[in-house]
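Each structure below is given as structure tokens.
After this come two complexes, each holding chain A, first together with chain B and then together with chain C.
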Partner chain A sequence: MNAIIHRPLGGKVVTKPFLILGLFVLIAAYFILRRFLFGMGDVSNMNNGFPIGTWVVLDVVIGTAFGCGGFAMALLIYIFNRNVYHPLMRPALLGGVFGYTLGGLAVMIDLGRYWQAFNLLLPWYAQPNSVILEVGLCVMAYITVLWLEFWPAFLERMSPRFKQRFGLDQLQAFLKRYMYVLVAVGVLLPTMHQSSLGTVLLILGHKLPPLWNTPWLPLLFLSSALAMGYGVVMLEATLVNRAFNTPSETVLFARLSRVAAGLLVGFSALRWADLIYRGQLGAVFAGDFNGNLFLIETVLFLAPVFILLSWRRTRQRWQFIGAVSVLAAGSLYRLDAYLLVLQPGNGWTYFPSGPELMITVGVVCLEIMLYLLFIKTLPVLPGGTAKA
Partner chain B sequence: MIMLDASDINLESYEMSNPEGYEGALGGLTRREFLKYCAGVAATLGLPALMGIRIAEAATAKVRPPVIWLSAQECTGCTESLLRAYHPTLETLILDMISLDYHEALCAGAGHQAEAYKAKSMKANWGKFVLVVDGSIPTRDGGVYCMVAGKPILEAVKEAAEGAAAIIAIGSCASWGGIPSSDPNPTDAKPVHEILTGKTVINIPGCPPNPYNFLSTVLYLLTLGKPPALDAKNRPKFAYGRLIHENCERRPHFDAGRFALEFGDYGHRQGFCLYKLGCKGPETYANCPSIGFGDVGEGNWPVGIGHPCFGCTEQGIGFTKPIHALAEVKTYAPPTAFPAVDSPKGEGISSAAAAILGGVAGLAVGAGAMAWRGMDAEPKPDADPDHPKP
Partner chain C sequence: MSLNRRQFLQGAARAVATVAAAPVAEAAAPFAPRENKPLPPKAIGMLYDSTQCIGCKACVSACKEANHMPVEQPQAYAGWNEGTWDTAEDLSGKTLNVIRVYQHGTMAEKDREVNGYAFIKRHCLHCIDPSCVSVCPVSAMRKNPITGIVTHNPDACIGCRYCVLGCPFNVPHYQFDEALGQISKCQLCSHLLADNPLFADDQVAAAAQAGTAATALWKNSRIPACCEVCPTGASLFGWVTDLQAEAERRMALKPGEVYEFPRGLLGGDRMINAAPVGHYQPHLYGEKESGGTQVRYLTGIPHEKLGLPKLPDHSSAAVTEGVQHTLYKGMIAPLALLGGLVALARRSAKQGDAPRNEEEPPT
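Our next item is the complex of A and B:
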């Protein structure tokens, strides 16, 4: 068996793009400070009709779906034993680490009484029928698991003498030996909370139009999150390849893209069959706002299927378009269901304020900055293979 | 040798063992149950908790105060209502707290025997007994339309009132005339206080009244020897001091302009305000929403179960005003127009937000285009001197 050698990318950390990203993070930090000093209303347009705004929808619902790269790859590599994809595992994991951790950060900004968040962890306050409780606990657990899964990258970077001195080499051996437990838990947890993010919408009842409101929401959310996971792995690797001239992984992606395309076929088949079964097909072609949004979603979901199941999947450009399309489709699906088509009634409307958007932009920028920092200084990207 | 501590001895068990003493007076209740009941009565009356002890003392006094209950033009609904009181039950009240010496529906004896006992009791307790009257008093043709023991009830009431320490008129008929006094009023029925002019008659209107309003009034009399605070119509203020409208659980719907317009329509099924179905809550004084009926918990009263109040406690409203007629709102009338509930709320898009979104979209497209340029080409070795290949 070939073990993967990961190497830090090296190079200057503080580059011009890094500083520009940092500027956005500083702007976001200013508004976050205002949010904690003067309250949510000072920076956000969220209201009683739309208590869930961009912070949760973009940073948590869509952000964690982007963070599903690690989950999707672990499922493929460890559960279905497709070892050929192993070089993609650690970068995907890193994406998951930041996607989820910063999603958790966004929740803390979004929580009205964040100082009581620890009560989530006290079982005697738990309401076991609550979907949000399930999501909260599950995401917290998954963030912990992700960092533990990623911990070997830190350990590999340390000098042997340092590790010996603090007994970290034993920890490394322990982690290596029992990593399969973490991997198993790490595959289980996202299936729970990614589907629960769909269940949350079920509770909204008639507020969610019939085109989106189906008992299959949990499965639709889970399968689209998985597809987005493969999409984000392809997109990240392609961008890293273009930015840093690393060896291209186009051949590997040609195979991976079939998995993503297969998932999208399943997703679309379920979604349309359910629509027909519920007799809502007419609403798709009604020509109104909701119907047209649904059609745009459908085009974005099906375009990658046609691209990635044809000869085009061997070309980097088409792979790129396919990956972007998967991510756009999954993101629009979530954005639609959580914000755009939601009708809370009583005349409530919502559009995020400038400061609110700047916080979300800053969180994404922080994610990219940390990703760049980590791949440059830690052994994350594959650097060849060695005989074990 | 085992030393007994004082707390080891159950003092209560000694007292309870005497059937003639303390336990007998409790009438089958445990001491705890009984004290709880008395504290409950004190709370209903709005009295301090310590008053519960005095009520307990009064209710367990050796000599139980005698009560004479006369029934005129009535339906026995008030008695039926009392029979359904469970804290305490009526038998606890009439057998252990008071001495109900005469009641046509409840007394064990009948005919001459009952009448003779009534006369004996009134004679023995002249000036001390409590007179309770239910039903209105017919006055036309010398009161011949309601005869008991060969005598018009009009005379019986006047006669008993002379020796009564306190007079209670229970039910709407006795309090203000009720159904018998409604048009055309063939018997010229009158309430008790119009017969007994110059005497204080405590009115407990209602059809039937809530039994606890009566029980609380009786215990107040027994405890303090005087009637509770009364309003201008001689109704106890603790029970009839506020409009039904003021404590109604559907009041928020009234204030928000959400009304049921027909029985069974959307608003009715949703529990909206019944004002437009003719609910008389806004002009009727009673504590129905606060204490409910039937001892089965909150919400069990006419409006609670979806029927408009018909104003049974109020003269000129109950049995007089049509059920569908709108109430005259005593607090303030609802406005003719309410603010729209679906006016736009929340902030729209701002130019800053639009600019940020546009900027982000442009940046994403730009970055995508930059990445696009070199795709599908062989990577040039060391194309960027800043980022040498590892």
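Our next item is the complex of A and C:
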């Protein structure tokens, strides 16, 4: 399956944007230090009405959905056998590697008793009914799978002599031979935990308004995560293409657009059918905060459908706008369901503090820095095709 | 144009997807909540009668003392208060039990919604089917299978705070202002109850039928601190089934009629408190809320006004676990999916080694 040759992009690693991103990471590091020294209340506005704040919602719930590029492309390329998309696989995978790994980092900052996080792995503590346990174990396993899937990029970079000396060439052959198993596991795991990130919300009961609270949450979260996966692949590739003058993949994206649009149609159809079935249609047009948020979500979810199913999908500009819209829609959907429409009662309110947001921003900046570092030094981006 | 291979494959995939989706939708459509859980065999709990509460907060301070919780000090008062007065406004990481007051207008009369005031006691309701136990990934939250007390084990807890998020009553609280904070919640003073043979000896527990020998059983034991000190019997400890009967008894009386309110332990030998019964709302809160709880609230004004939310008769845990158990029953669906994925990925990997020319990506 290695008909595509990947090449390191090369060029200077430490550039001006890289340093600016680094500055944000340093600021975040300072606040993270404070969080560990003085407690979460020192940097965060989280409270006992809103015990889950931006660290989990932005960095983990939305962050891992952004990391679904690898999952979405693997599903298309390996499971539905659309080999044509193969050049997009490895960059998407790398996005997944960092999206998930840094989501894991954010969880460690957010855990109130992080020094006991290991208890998640101890069978005698396991609570099999817990959706959070499933998400936690699943995400940990998937982070491992992502790095293993990405491992060939490191191996290709090493000199043959070095590999021979440490027996790494055998590892490379082994990975190549059994990669399909990793790929299959790498599709199963996000299917499980991305849907479970929706199931998690069901426990909220009356705290989550009926517009969002439905037993279909698992499927809604899964399908929107997949759509976001395709969106992020298009966004990343377009940005890389514009920034580094790499070959454009507009034609390929025109085809990919249809897949993303199809998912969004499915998502919206399910969502509205469920609303009508549960008799909640009136709440959408109630003109209140929740209803209007729902309408904004709907516009964002449907805009990319119209863009990506029309002639516009062949234009890079429209592809970009479509991709951004998909990501905005999926992100707002998650932000709404996890934070904005939450009604804990008893007068609780929440708005993230500056330091709290800086930690979230820093984690994202670190993600971008590492992505840039990796595409410049490792064979990630497609650099042509070898005729087999 | 005749059907080429790709079109055929696409069509086939679509057909497969449609065929596969139908049973999935069918299987998922019910997503029936699982049954609510039954009341544990020796369930103990509390009855709080808002109309008998005088707001003295003796229970709040007794709770702090019994559970070694620090005094609450809002920043604004720290200057002159200097830690001598406890000024807890609501449950927090430092307060497991608190009395709050409803105020309206002139506050002329107690237990009246308009121009009145009323007290409410906030602490864990020890749900029969608790959300906190259902969400906890590491079994830090547990429900005692005999007494039904919902306990918390900080040595297991990882601090994910989903119990805080999931609790319909906002009871568990994390100590955000501590570097090494933990979850705090009322555990019905289970450490005070620990010297009761009910907890030490299964034989005794089995012999003691709920409601029959309350006095004998609790003679040598302490009871939860808040009920121990309550001067009027507004907070009453006992078997849940007995408390339910007691509450129904009070609700059947005529408002204003003098009633002998038991104090401390229902069925205990303490001196009673003779007082007129309140003008009760017809709804006994806690009996059916969220699948039922082990605490009952008798109130003079609607419970929503007192921060007790209107809840369905089934628990959220039942909804979540209904969905989860449908999807992951015996891990059959995930394993079958994995099998299919491996087979498909293997096929693609084999074909991918020799890509067809028409599939060459544009560069």
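Simple rule for what comes next: the second predicted complex is superposed on the first by the 385 of 388 C-alpha atoms of A that agree within 3 Å, B and C clash if a C-alpha of one lies under 4 Å from a C-alpha of the other, contacts with A are read in each partner's own complex, and residues count from 1 in each chain.
We take it that contacts are C-beta pairs under 8 Å (C-beta built on N, C-alpha and C of every residue); 3 or more make two chains touch, one makes a residue touch a chain.
Note that this is a predicted model, so its numbers are computed, not measured.
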Simultaneous placement of chain C and chain B on chain A, clash or fit: clash
Touching partner for A:Pro247 - first (chain B), second (chain C), both, neither: both
Touched partner set for A:Asn47, first chain B, second chain C, both or neither: both
First, second, both or neither for A:Phe36, with chain B first and chain C second: second
Touching partner for A:Arg161 - first (chain B), second (chain C), both, neither: neither
Chain B versus chain C as contact partner of A:Gln127, first or second or both or neither: second
Which partner reaches more residues of chain A (counting touched residues only), chain B or chain C: C
Contacts of A:Phe320 with chain B and chain C, given as first, second, both or neither: first
Which of chain B and chain C A:Thr15 touches, first, second, both or neither: first
First, second, both or neither for A:Gly354, with chain B first and chain C second: first
Touching partner for A:Gly345 - first (chain B), second (chain C), both, neither: both
Steric overlap of chain B with chain C in the superposed model, located at which of 117-125, 153-161, 171-179 or 261-269: 261-269
Common interface residues of chain A - those touching chain B in one complex and chain C in the other: 47-49, 247, 345-346, 348
List of chain A residues in touch with chain B within their complex: 7-12, 15, 45, 47-50, 238-239, 241-248, 315-317, 320, 324, 345-354, 356-358, 361, 383
Contact footprint of chain C on chain A as seen in their complex: 1-4, 36-42, 44, 46-49, 51-52, 77-81, 83-87, 110-117, 119-120, 122, 125-127, 129-134, 136, 179-181, 183-185, 187-188, 191-192, 195, 199-200, 202-207, 215-216, 218-219, 247, 249, 251-252, 344-346, 348, 382, 384-385, 388
Interfacial residue positions of chain C with respect to chain A in the complex: 9, 13, 28, 31, 90-93, 131, 133-140, 154-162, 164-166, 168, 170, 172-183, 290, 307, 309-312, 315-317, 319-324, 327-328, 334, 337-338, 341-342, 344-349, 351-356, 359-363
Touching residues (chain side chain B, partner chain A) in the complex: 340-350, 352-353, 355-357, 360, 367-368, 370-372, 374-376, 379-384, 386-390
